[in-house]
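You will see two complexes here that share subunit A, one where it goes with subunit B and one where it goes with subunit C.
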Partner chain A sequence: MKKPMIFSEFFRNNGKLMGSILFFLVAFWIIFLILLPQLSMLDYSFRYNLPPAEVGGPKDVYTLRNYRFLVKGPEGASDAFNYVDLAVFVRTILAAMAVTIMNLILCYPLAYFLGQSKGTGFVRLLVVMLIVPYWINEILRAFALRIIFGDVGVINGLMMQLGLIDQPYDFINADIALYAGLGYAYILLMLFPMYNVIESLDRNQIEAARDMGASWIRIHRRVVIPHAKPGIASGMTMVFMLSAGALAAPQVLGGTSSLWFTQLVYQRFNNTLDWPLGAAYAIVLLVASITIVLTFMKIFKVNMGDIGK
Partner chain B sequence: MSSGVDVNLENIWIKFGDFVAVREANVNINGGEFFSFLGPSGCGKTTILRAVSGFLTPSEGRVLIGGKDMEGLGPNKRPTALIFQNLALFPLMKVWENITFSMEVKGASAAERRKRADELLDMIALPGQGDKLPSELSGGQKQRVAIARALCAQPDVLLLDEPLSALDLKLRQHMRTELREIQQRVGITFIYITHDQGEALTMSDSVAVMRAGIIDQIGDGNAVYDRPATPFVASFVGENNVFRGKITAINGDEALIATNRSGELRSKITPAAVGKLNVGDEAMMFVRPEMLQLGAGDAKSTITAKVVNEEFEGNSYSIYLEGDGGKQIKMAMPNLGTDPHRAKGETVSFSYDAHNAVVMPAGDLASE
Partner chain C sequence: MKSNILFGRVALGLYLVIFFGYLVGPLAVMGLSAFNSAEFPSIIPWQCFTYEWFSTLFHDERILKGVKYSFIVGFGTVILSVAIGLAASLVLTQVWEKWRSTYYTVIIAPILIPGVVLGISTLVFWKKVSDLLGGVDVLSNGIFLTILGQSTFIASYCMLVFVARLQRFDPGLTEAALDLGATHTQAFRKILLPFMRPAIASASVLAFLASFENYNTTTFTFGSYPTLTIQLAQMVRYGINPSISALAVIIVVITVFGALTVEVYRRRSKLKAGEIRQGKGLPAWLFGNTATILLVALSFALIATVYTAQTYSPAQCKADYKAARAAEVQAKIEALRAARAAAAAAAAANGEAPADGGTNAPATQGGTGGFGGVFAPTNLEDAAGQSNGADSGAAAPAAPFGNVFDPGNLEDAAGQNNGASSAPAPAAPASPFGSVFDPNNLENAAGQNGN
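Up next is the complex of A and B:
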């Protein structure tokens, strides 16, 4: 038996009192912050949307109504499928993937530069400067981007000054502002895990590869990226999960015609006050995101255990 | 396998900002030679090696390999392979992939690489271990894999940066012999860096002794041990007893020194100092512990001193005597089984053969 061993060792190392406190805190975290909210959402998603008086009454039974709604649309609708919501769902997932990949491409060179220039004062300053914008609230940052990308914003102004365009370009409706905003919102979550692993890479390994004639591409492909894989994976996981689940940036920066799936969830909860339906939508997004992440981890042979490192 | 090529360093200076890490290095290394740079930590050994391998451009001077100026050529373009101080094996690649990385770079097929890896694994006495990861090997095995990886690139010059320093004493001594054998088998030029004088003396054809960026002496093991050029070399390479004093007479390659505590003593002048010493100069005379013997001899090569301590080491004794300015004189004697022990505080006379002592202008000693 392995588990009890772990526990007895844990208590031996930390003492009875401290061990109990730590144990209690972890249990509290898991039960109250992770399990209970998700379980209640799961429970909600299988129920009818009933007025408070009927909750617990004979009509309060489990149903697949909410999931059917996402796939098929309302009862008696003309279309065979709920094309509108499904399209939003697929677009959200694909866009979140695109944002993740965009962030990866942007962050890798930066993480490599920061990680391999080993803690000089200038580099430390750069890292701090990267964090500063995150002292500002996420919604404020989204509005700031909206202003910058707006018709009379800095970017349009500059491009018109330079004579590149003569009409302001509608960055908002082209979703460019949205992608920029989403990318910007979570870019540090991509950068830091990568920076950490790359910093731990022994410089001599890079030099050894170079000494043996390897090109820069090969050095990265064979030495740096394999070493950085856990960091890349955890960065990508976080950025993907958070982009797919983002609400502020799509609300503020999204074009009029494009909805983010989370906005649908939000509407179900807030506008149509159909909490069970909203819960079902949220569960579908969560399960889909987790499945996608696990699939990619399988494909790229990343272990769950490595990610925590 | 390619045969060794010459390596010449011509007037190399290497500066980091204002700090001069290497000063006016002129070194000629013959093809197929086992050449060592020997010096204390921080004296610029790695820096010189990096200039040879191309990771660093000297501030001044030229590096020639096989007669060709290496200026402007990166490490990937030079016929050298470097074994790093910490080996720098690729931890995520299997042993055979590590060994044949240089072939992978050139686009060799997996089958070819496997075959070559097996040959090299046989050579380093690790047959059938190709599918392990470096972390699954012992220290000495990793060491040998690093050598195989460097040799696989078929370099003309192999550069080794203290590759044995992480190993325990037994293994280190074993690997010395093994390295020397490998070098003789492949016949290429080895440039070896170490701060361990035993390592340098046992393995090398030639040794350059370095001190704080300056090369004090280049020569074979006997030359640096028996005929040191500077007080630093005399005190850094092996154990030595120093006697300070002033020159009172010079006769050809012999001199008389009025030592501070032991009266006038006779010594050979070290070859590098012949013609440079004058009567009245401050000088240092060195006699090795094993060159001293008990009993008075010629008056100008006899010393008397009090015994401080005696250590028995099985095959030999070390006798420590009161020396110059608080420093002890060490005398090493073979254990012949008949010798009586000496009491502490007893005054003894001992002597040496003037041919086995060297005198040179006073200078800095290696710190212990």
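Up next is the complex of A and C:
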């Protein structure tokens, strides 16, 4: 048990100069890069969209206008709710969940295979092959899928040359390209946490279970998955958060009629220039996705400390 | 039992192929499209092998500027986030235990916050600060904002790298140095920093790559300094040509190069330390050398490619392709005309018996149905004899293969074959497969059958 650490002790341990440098850097990060920006965004989301001259004036008061807009739509709208934006929101969350589960199913066998095989040259090669695509730009990865799924893309080209179809199938507007792209973009963030924890699982445990006559499914359910739970949780959290907050893939691969919630945020900022409204949307996205993650972590009994390991 | 294992192996192999196909396939397709002369990035139909998109890329002002800004932002982000990450990891081991999990949650949170949110919050906060200070220019500068926004979460990545390394550090070393009279700064510089050097190197690389490829955060903060990723996004959205694919090829090659170099280095040091022993019957040096061999091969391939790129010109092929396209269009027009004429003829000669001598040829054509006469032996003869005929609709380009593969030929073949008969010709479209897949043929064939 360590003794309680207080400032004077911190400086005694690290010296005056080093102590202040460390303290300054960490404080700068936490206060000026993490906390205050988030708080000021929260503050912003409760304000009116005023011209610069009126900021700080009598009209600059707090309001729920921006959140009202997301739920109810513009004042005097014919619909009771802002169906368009709400539908986009729900769709984003559900689709992000679907992408996460798809990635989990796709990655688990490979993580198990890599984690349980000894580090031979073949496995090293596989790992390198995994990392290389991940170093490519996110835009370029989405763009690669566009070459495959586009109207003059590989799949349509092949199918037309084989005579299976005579009109190109619109993968983009059917959102197939988008889901494939989102899954593709973050698949490694699912794989590596799982791979790391499964690698630390003692092979003897599996052998023992097998010797005792446990079936293949049972071994996974009772031995591997409980051990890999932190990794699975970590991977799922990251993939879900990142897909829900993705902007590049929807912009490149999204259809004309369907939007991703981040695109709405982007539009508020860059097209309609209503920053407070955009901030409110961003807050909603942040709160919703954190709530969902925390709920699932509670259900599956995973600690925050396990994330990122 | 044995078949069970075999089945498992096949399933595993299949799964690996699918997984890596999903992972590498899109990149391979994109890579290939960089060498296709088609205006829009695609590989089907394949037109001509070309290097022109690389030169387009190197002459694109926006891309070059984007690369420049990306590097500036990248270096700034590396310095800031490595420093912060290192400090945060050192503090983590010293924080009061009760606070440790809270502290950890706060500094790990930026990884989980959507990049869009980070970008917005950075933009909004620093705008406010700059307003408060009476519009300080630096604070609303795109590069400054982008570095801060990116560092917010990249510092967390760096922190994780450092924490992993610190777990193997023996604090006794620092204590010993302090006991021997070193100052804290000296102890840090002489003991901790050398120990952390590999972690600092990998954190720097990680930070740079993360910064270089970041889009979500940067898109809100870049101001008037669009980084490469921003430029790419704009190019992808508003009209694209394959020079983007060419850029991807370059990045992939650099990445593979880097990965192989690291692998060679790793093998070397392991070999020296005598750690590699496990190779099943194969001597260790061979395992160690796989990466080296690949690296050397890749270098040679690169040099060869760059060398051939100096002299290679696809102009001929492009001209050929253009001519072929023209022929194709021409053929389609002819086919349409022929179909109309056939309809007219059918209307005019309604009562005529089909077993007329003059319509023999079309009758056989009708018989071959979907194959549209391509396989009729006379066609080949005609093709050989008349491929350079002056009356051919499309000018037959002089291809390196002496016209054998020229689609125009097929058209000629079909055209001439039917030219003799009184019935209208079902002109075969010029495509590499002859007329086999052309729906017009079927129509014509059907039409002639009706005759």
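Convention: the second predicted complex is superposed on the first by the 274 of 309 C-alpha atoms of A that agree within 3 Å, B and C clash if a C-alpha of one lies under 4 Å from a C-alpha of the other, contacts with A are read in each partner's own complex, and residues count from 1 in each chain.
The working rule: contacts are C-beta pairs under 8 Å (C-beta built on N, C-alpha and C of every residue); 3 or more make two chains touch, one makes a residue touch a chain.
Here the structure is a predicted model, which is why all the values come from computation and not from measurement.
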Joint occupancy of subunit A by subunit B and subunit C, clash or fit: fit
Touched partner set for A:226, first subunit B, second subunit C, both or neither: first
Touched partner set for A:204, first subunit B, second subunit C, both or neither: first
Contacts of A:172 with subunit B and subunit C, given as first, second, both or neither: neither
Partner chain(s) touched by A:284 [first = subunit B, second = subunit C, both, neither]: neither
Vertex subunit A angle, Cα centres of subunit C and subunit B, expressed to the nearest 10 degrees: 90
Touched partner set for A:218, first subunit B, second subunit C, both or neither: first
Partner contacting more residues of subunit A (subunit B vs subunit C): C
Lowest inter-chain C-alpha distance for subunit C and subunit B in the superposed arrangement, angstrom: 6
Common ground on subunit A, meaning residues reached by subunit C in one complex and by subunit B in the other: none
Subunit C to subunit A touching residues, read off their complex: 12, 15-16, 19-20, 22-27, 29-30, 33, 40-45, 83-84, 87-88, 90-91, 94-98, 101, 104-118, 120-122, 124-126, 128, 131, 148, 151-152, 155-156, 160, 183-185, 188, 209, 212-216, 219-220, 228-229, 232-233, 236-237, 240, 244-245, 247-248, 251-252, 255-256, 259, 263, 278-279, 287, 290, 437, 439
Of subunit A, residues touching subunit C in the complex: 1-2, 4-6, 10, 13-19, 21-23, 25-26, 28-30, 33-38, 40-41, 44, 55, 106, 109-110, 113, 118, 120-121, 124, 126, 128-133, 135-148, 150, 152-154, 157-158, 161, 163, 166, 184, 187, 237-238, 241-242, 244-248, 251-252, 262, 265-266, 269, 275, 278-279, 282-283, 285-286, 289-290, 293, 304-305, 307-308
Contact set on subunit B toward subunit A in their complex: 53, 55, 74-76, 80-82, 84-86, 88, 90-93, 101-102, 104-106, 149, 153
Of all residues in subunit A, those that touch subunit B in their complex: 202, 204-205, 207-215, 218, 222-223, 226-227
